[in-house]
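Look at the two complexes coming up: subunit A is in both, with subunit B in one and subunit C in the other.
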Partner chain A sequence: MPSYSQINEKLIEVTLNNEEVFAKRGAMISYQGTVSFARSFLGGSGIQDLAMRTVTNEGYALMVAKGTGKVYYGYDGLFVNVIQVNNETMYVESETLLAFDSRLRTGTMFLGNQGGVQGILRGAVSGQGLFTTTLQGTGEIAILSDGNAIGLKVTPEQPVFVDPDAYIGHKGNLTSNIVTDLNWKTFVGQTSGESYQVKFMGQGTVYIQASER
Partner chain B sequence: MSSFRINTDRLLEVGLQNEKVMAIAGAMVAYTGTMKFEKSLLGGEGFFGALKRKVTNEGMSLMQTTGTGTVYFAHNAAEIAVIPINNEKLFIESSSLLAYDAGLKTNTAFAGLRGATSGQGLFTTTVEGNGNIAVISRGNLITLEVSPSNPLFVDPDAFIGYKGNIAQEFVFDVNWRTMVGQASGESYQFKFTGQGVVYIQPAER
Partner chain C sequence: MTIYNPGNLPKNDNLNRFAFVVDVAEEIFIRKGKMIAYYGQLQFDSLGSSVLDILIKQSFNAPLYINHFVVAKGRGQLILGDNGNDIACYDLDNANMTIKASHLLGFSKEVICQESTMPGFLTLIGNGKVIASSSGPVHFLGLPCRVDVQSVLGWADCPSPSYRYDYAHVTGVLSMVGAMTGLTLSGEEKQIDFSGQGTVLIQSSELELNGSDALAHIVSQLPNLSKSELSSLSGAVSQHMRG
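Up next is the complex of A and B:
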């Protein structure tokens, strides 16, 4: 089973023992050992999933590294965060996905499935598309963020509100909807810059970055 | 009083108990509890203060956050530092300001001729009272002490702000090499004399 370790905040090391790991194309920085790289068409999931990716624009360019040794990944000077999932589903924007392996099952989810009309609206206003990538199972996922990413715990008693532009992903059993904060000032062109947020409810973790897209 | 805490280098966490905090518009990344965000039309400076900001170009677009809970602020993944102010006056470039206690009073002040050459404008923002202010910098904020026996020279491009009883002047280091186009890249500096602290960043604008 591939192991992930953080070299510094912007670089990770993945150790392979005759195994394979999927990563964002072009993110390999160096490697040791016998590792071969190939473009991955299916990204570990089937034809149907690939077709869905193509249509939904959640397509990510993946490469697969196979072999025995250590591979180092980093991308564009962005921060790398390794997130552990334990029999859960992680939702993440495909462009922030850096590396994962075949222990996790990938899929594409229509945001509308998750919150009806609200979900569709959420994708449309935040400019992040109407579809998101899901990774399911037990294992590690490396994701990219601009500035450190932090995970905010969500509990049934304490919902968390996030700025859609700072949102990178979430895991657990969460539902979301969009909340607006409009007042007369918004209509005279004096907005606070925070007119809508995504509200997460349930039990899980929401990840945000220290910067707004 | 609202509490300011740095959660990782680039994220500011502010705890509010039915209180107010001012921040640069759009800097909120997340919150828990009940919060309301409103554009602050006059920035708490009254009509005259707002007008002065407009004319002096030390403009900043502020929002007021009111409520109970925790609110997180960040800006472009820049490093954040919290400076406590105890009955003092802090001089700071408005572009370095992220958030401050609503109890603090802000104003604009004439910064002297130095602004014209450094490209930071002729005016600067002052913050006074009792409370916390969060500033953003490229790289970690560096605090340098100034004492009467030890004046400090600072590159205008790295300068962020200062507090205390300090006088600033502009000094030139021009010699024949500068004149023939062989400048060292450090032809002018700010000189700070007196007693207080100066804040700089390890990057030049």
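Up next is the complex of A and C:
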């Protein structure tokens, strides 16, 4: 299976042994060995998913690298984070997805499925759209962040509140809903500027970055 | 990559260069919109709300900036971030410090915040923590020194700042034309001169901070607007661009 190792905070190395890896278009920095690159429409999943992605604007532009050797990936000076998933689902915006391989099944998820109307509102508030990409299985995923990504553990006893603009993605079994601190004072005076927070509950990890996009 | 939980988060310290964790036990002033996440029970109140009047009267004496800050209260761990800018915390021990207002991210309630006589700067007096962001890590300079206007983050312990103009620069032919047409050519001819006792804090880059609060605030409010409100906003924006 392809192995991911971090060269520095902004560059990763993926070692292939007659295997393939899917990566964001334009993210390949260099490679060694016999590796061929081609545009990938399917990204390791079926036609149905391709159609879903096209309709929902989660259509990531992917390149597939196939062969034996080492491929180096980095993108736009952003930090690269390798995240392990262990038989769980990672939810991430397609534009922050850097690299993954065929061990993981990809899909497109309607945020409305993730907490009903509240989920839709979350998409509207964070401006990140109503659909998100899912990766399911066991393996590694490389994602991009502006500055170091911060992983925050969520347990049933310990929910976490996140600024929708700083949210990158999450994994595990989490439900989210919008919390507002709107009250009568908000209407009288100025809003506090932290008026919308997303509360994550359940068991899993939420990833954020120290930057509002 | 470390996964944090309330147990292993740093207490009142940097999580990394770009994020800072505040262990909230009592009220603290933070800049609006800089919360990126928190654990625990926290509430954010705008400074206009009446329950906070007594606290504000004691600590916050800068009416011009009252809409830039909120008070966080409750119990929990609050993570602050500022658009990928570096964040640092300074401990005031019966001292004073002046910080560029747009870079001040937070300060504890024992600290008194007042407008500096230098426009655009806030002076913080007393005992407690001051959190500020900068473009690149902060460097400390002894006195006397002269610093580019854009690179100054602030100063501590009462140096006396004044503007200094480089006359060779100002009297040069090109610069004269520049000054008359209102276009400054390099920006290097105007510096801040510090004399006296103290320390000057400079940023590693003279770039303005990434991202503007005002813009982020407006963009965050857009989903609340109706179609007709949006079109009147775009009308107002284009009018502003022409003027």
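Please note the rule applied: the second predicted complex is superposed on the first by the 207 of 213 C-alpha atoms of A that agree within 3 Å, B and C clash if a C-alpha of one lies under 4 Å from a C-alpha of the other, contacts with A are read in each partner's own complex, and residues count from 1 in each chain.
We adopt the following convention: a contact is a pair of C-beta atoms (placed from the backbone, for glycine too) under 8 Å apart; a residue touches a chain by one contact, two chains touch by 3 or more.
Worth saying up front: this structure is predicted, and the values here are computed from it rather than measured.
For the composite obtained by overlaying on subunit A, subunit B and subunit C cannot both be accommodated without a clash.
Of the two partner chains placed by the overlay, only subunit C lies in contact with A:Ile83; subunit B stays clear of it. Contacts of A:Glu20 after superposition on the shared chain: neither subunit B nor subunit C is touched. Of the two partner chains placed by the overlay, subunit B and subunit C both lie in contact with A:Gln209. In the superposition on chain A, A:Gly151 makes contact with subunit C only, while subunit B stays out of contact range. By the touch criterion defined above, A:Val160 reaches both subunit B and subunit C.
Touch counts on subunit A: comparing subunit C and subunit B, the chain ahead is C. The residues of subunit A shared by its contacts with subunit B and with subunit C are 146-148, 150, 152, 158-163, 166, 181, 185, 190-194, 197, 206, 208-212. In the complex of the two chains, the subunit C residues touching subunit A come out as 1-6, 15-19, 32-33, 35-39, 42-46, 48-50, 67, 70, 79, 81-84, 87, 210-211, 216-217, 219-220, 222-223.
Chain contact summary for the complex, subunit A toward subunit C: residues 81-83, 124-125, 127, 146-153, 155, 158-163, 165-166, 181, 185-186, 188-194, 196-197, 205-206, 208-212.
The part of subunit A that touches subunit B in the complex is made up of residues 146-148, 150, 152, 158-163, 166, 181, 183, 185, 190-194, 197, 206, 208-212.
Note for the complex: subunit B touches subunit A at residues 7-11, 25-33, 35-39, 41, 61, 63-64, 72, 74-78.
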